[in-house]
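For reference, chains read A, B, C and D in written order, and residue numbers begin at 1 within each chain.
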Amino acid sequence: MDTFNKLAELFRQFPGIGPRQAKRFVFFLLSKDREYLEELQELIANLKDHIVQCGECFRFFQRRNDALFCSICADPNRDTSELMVVAKDTDLEAMEKSNMYQGKYFVLGGTRALVERKHADKLRIQELTDRVSRSVTPSVIPAKAGIQREPLREIILALSANPDGEHTTDELKTLLTHFSIKISTLGRGLSTGSELEYADKETLKSALKNRSES
Amino acid sequence: MDTFNKLAELFRQFPGIGPRQAKRFVFFLLSKDREYLEELQELIANLKDHIVQCGECFRFFQRRNDALFCSICADPNRDTSELMVVAKDTDLEAMEKSNMYQGKYFVLGGTRALVERKHADKLRIQELTDRVSRSVTPSVIPAKAGIQREPLREIILALSANPDGEHTTDELKTLLTHFSIKISTLGRGLSTGSELEYADKETLKSALKNRSES
Amino acid sequence: MDTFNKLAELFRQFPGIGPRQAKRFVFFLLSKDREYLEELQELIANLKDHIVQCGECFRFFQRRNDALFCSICADPNRDTSELMVVAKDTDLEAMEKSNMYQGKYFVLGGTRALVERKHADKLRIQELTDRVSRSVTPSVIPAKAGIQREPLREIILALSANPDGEHTTDELKTLLTHFSIKISTLGRGLSTGSELEYADKETLKSALKNRSES
Amino acid sequence: MDTFNKLAELFRQFPGIGPRQAKRFVFFLLSKDREYLEELQELIANLKDHIVQCGECFRFFQRRNDALFCSICADPNRDTSELMVVAKDTDLEAMEKSNMYQGKYFVLGGTRALVERKHADKLRIQELTDRVSRSVTPSVIPAKAGIQREPLREIILALSANPDGEHTTDELKTLLTHFSIKISTLGRGLSTGSELEYADKETLKSALKNRSES
């Protein structure tokens, strides 16, 4: 196979890209000057050296000064008594952008598909139990001796409100139950833009249960 | 204007119907036999005699034996201490289908548009305050003497989670505040199918606040 | 079944209308005043008396003075040497609007589905052969004695460029071949908005064959 | 700006890619193993050395043995009397896949936007007139002495049937008129899937004009 088709094949693996758009990507690159191509190539070459996974929460972050932990995990002002489990980096980003949460995170690495014969996914189940184990008792941050961390008091399972998310939530609950820590899930209800007429039973039930006095 | 175009004009007023589909409706009717046309014509002719608005909640219902009230309003087993205000009949239907609510309803007749110079809409504001006034004190159902109704203790404003719905909710709160009754709104949060990554700030905030221990 | 659901059932048969929109139609009618409902009902009641099928081309037209033929068939200035066979009234309307054709029409009443066990459709096959038979020899218009009609010299099969249209075209060719009249089909090629990149083989082939010198 | 956002910025320039998908591309790359990344990086690095533009028709092709011309331009069996001008490589590919054309090509490099103040585009106008000039008289292929090429007798302007395509076609006609060669454009008509009812006037006009006897 020639260069064109080899490159198109690689682009086809990009999320959401079909064969036609993969080819358009190659033609696009052919139309760009060498400067653009060199920058692209270099960024891809250095990607895994520059962006690494946090040793604590497993999100990706730009490494600076050989830091092992991301800015959130290294931040002494974040509340260590709460741990929010999200499926992926972009979920964490959305939550951070909302500016509503001050606790810590754990990036699970995906959700477990409801229908799947074997666990082909690579969820960080062991890493999660390790993370929780380390946090259930008060501790002193090694790096900054003297500052005491609050022990973990609540795990918030923040998976999406779809079948895979709910299935994963159920598995995690079972897994984490022996820690005797409060485990909570995100509230269900009407999301922004929801119309009553089209809401399903589960949503209406939660909306009614979670109704708030004004 | 000829019959064809007159009829197409009327169909164009149907919700969601453009000029092309309005014409297709006329051609469709031309293709049907006289039996179908007669049934359609007769049902339309009798519509307003057969389907009337409930004198209590203003939903439409099939009149039987000159009943003035719909089956929900006439049902002595529904909880009279809760009144849910919905924008339209289909919202009420969705809530009934969910089987989660045992109280009474009030159909407001729409929502108030956020941007609107004058109140051209026909919301049943006066009817709502009358309805609430009648229900704040314990009463005896006239038709079934002896059965005591619970006084109204909570008004649930169940408008959609969009700008018009929220605007209407705010207006109703102001309007109803002097009754000194608990006023609540449906809970916000992740609705079924919501993905964290795409959720807006308001939804995430509510989802976090309404999180439930499992 | 009650009035509401009976009427919704009838609306569900309208082209392109699902159960939810059918219900919305009923709620819409309930919201309209009696004047609108009466006009709608009356137009439906009189529809088949006011709009009839042309005895010559079978298109629908508003009957005036007990006319048996539509304005096109009655027009002495239209070219009787050309007969365009279209599937339905709206196709004829599109062609008339283009202002490109001066001949006569025949509305077939649909196309024949490529996969269909028996001929459940009601194509006007017999009526078409009758129509052609009557026109192959010069004749005198009975109603306007003295005006001689041109004999039919070309039948243009103007079906859509999709499988059903092509299948029907093939059937009609076979059917009409013994008349020894020129039979033509609409030209294929790039239609307005077509992009070369996405054009299929058949379209490109025709576009190449039908290329025009400028 | 950090590596992540720099790379996302470059992906945003890819055709059809918005900011969100650009980010997903970076996360996707972070999830892939080094092997994939190295292959991708290497293919991009070598792209412009391996894939070059044909010196004759300007399409991109995989260079082999320092060939200056693509396989079509180098093919002695292609008809040199016809030259098809297409906007871009993918148009040429679509035409080749249809297997209907045996002549030569010229890739213009785009179309000229109808509304554009200055000619910021890089259409190969000069290259096209050079190409035509060289071909109007019979010549001998230098590389394969003795084989006589047919002189150019027809230029087929194969631009898309949209405003920009038509505008470009008009410009090219004016530009090429002094060569006194036949200039043709692709045939217009019903493209595959076209329905008569929705066809515009221009398409119906061409479909009628280009109708073919069967």
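Just so it is clear, a contact is a pair of C-beta atoms (placed from the backbone, for glycine too) under 8 Å apart; a residue touches a chain by one contact, two chains touch by 3 or more.
Because the structure is predicted, anything quoted here is derived from the model rather than measured.
Chemist: With a step meaning a move to a chain it touches, how many steps does the shortest path from chain B to chain D take?
Modeler: Graph distance in the chain contact network comes out at 2.
Chemist: Name, by label, each chain that touches both members of the pair chain A and chain B.
Modeler: none
Chemist: Please name the chain that ends up farthest from chain D once chain centres are defined by their CA atoms averaged.
Modeler: Looking at centroid distances, B is the chain farthest away.
Chemist: Using Cα averages as centroids, what's the distance between chain B and chain C in whole Å?
Modeler: Once rounded, the distance between the two centres reads 43 Å.
Chemist: When the C-alpha atoms of chain C and chain D are each averaged to a single point, how far apart are the two points in Å?
Modeler: Chain centres of chain C and chain D, defined by C-alpha means, are spaced 39 Å apart.
Chemist: With centres defined as the mean C-alpha position, give me the chain A-chain C separation in Å.
Modeler: A distance of 57 Å separates the two centres.
Chemist: Using the touch definition from the top, which residues of chain D touch two or more other chains?
Modeler: 88, 90
Chemist: So, with touch as defined above, which chain pairs make the list?
Modeler: Applying the touch rule to all chain pairs gives A-B, A-D, B-C, C-D.
Chemist: Any idea which chain C residues touch chain B in the complex?
Modeler: 2-4, 6-7, 10, 13-16, 21, 23-30, 32, 34, 36-41, 43-48, 50-51, 60, 62, 88-90
Chemist: Could you please specify the touching residues of chain C with respect to chain D in the complex?
Modeler: 86-88, 90-91, 93-95, 97-101, 156, 158-162, 173, 182-214
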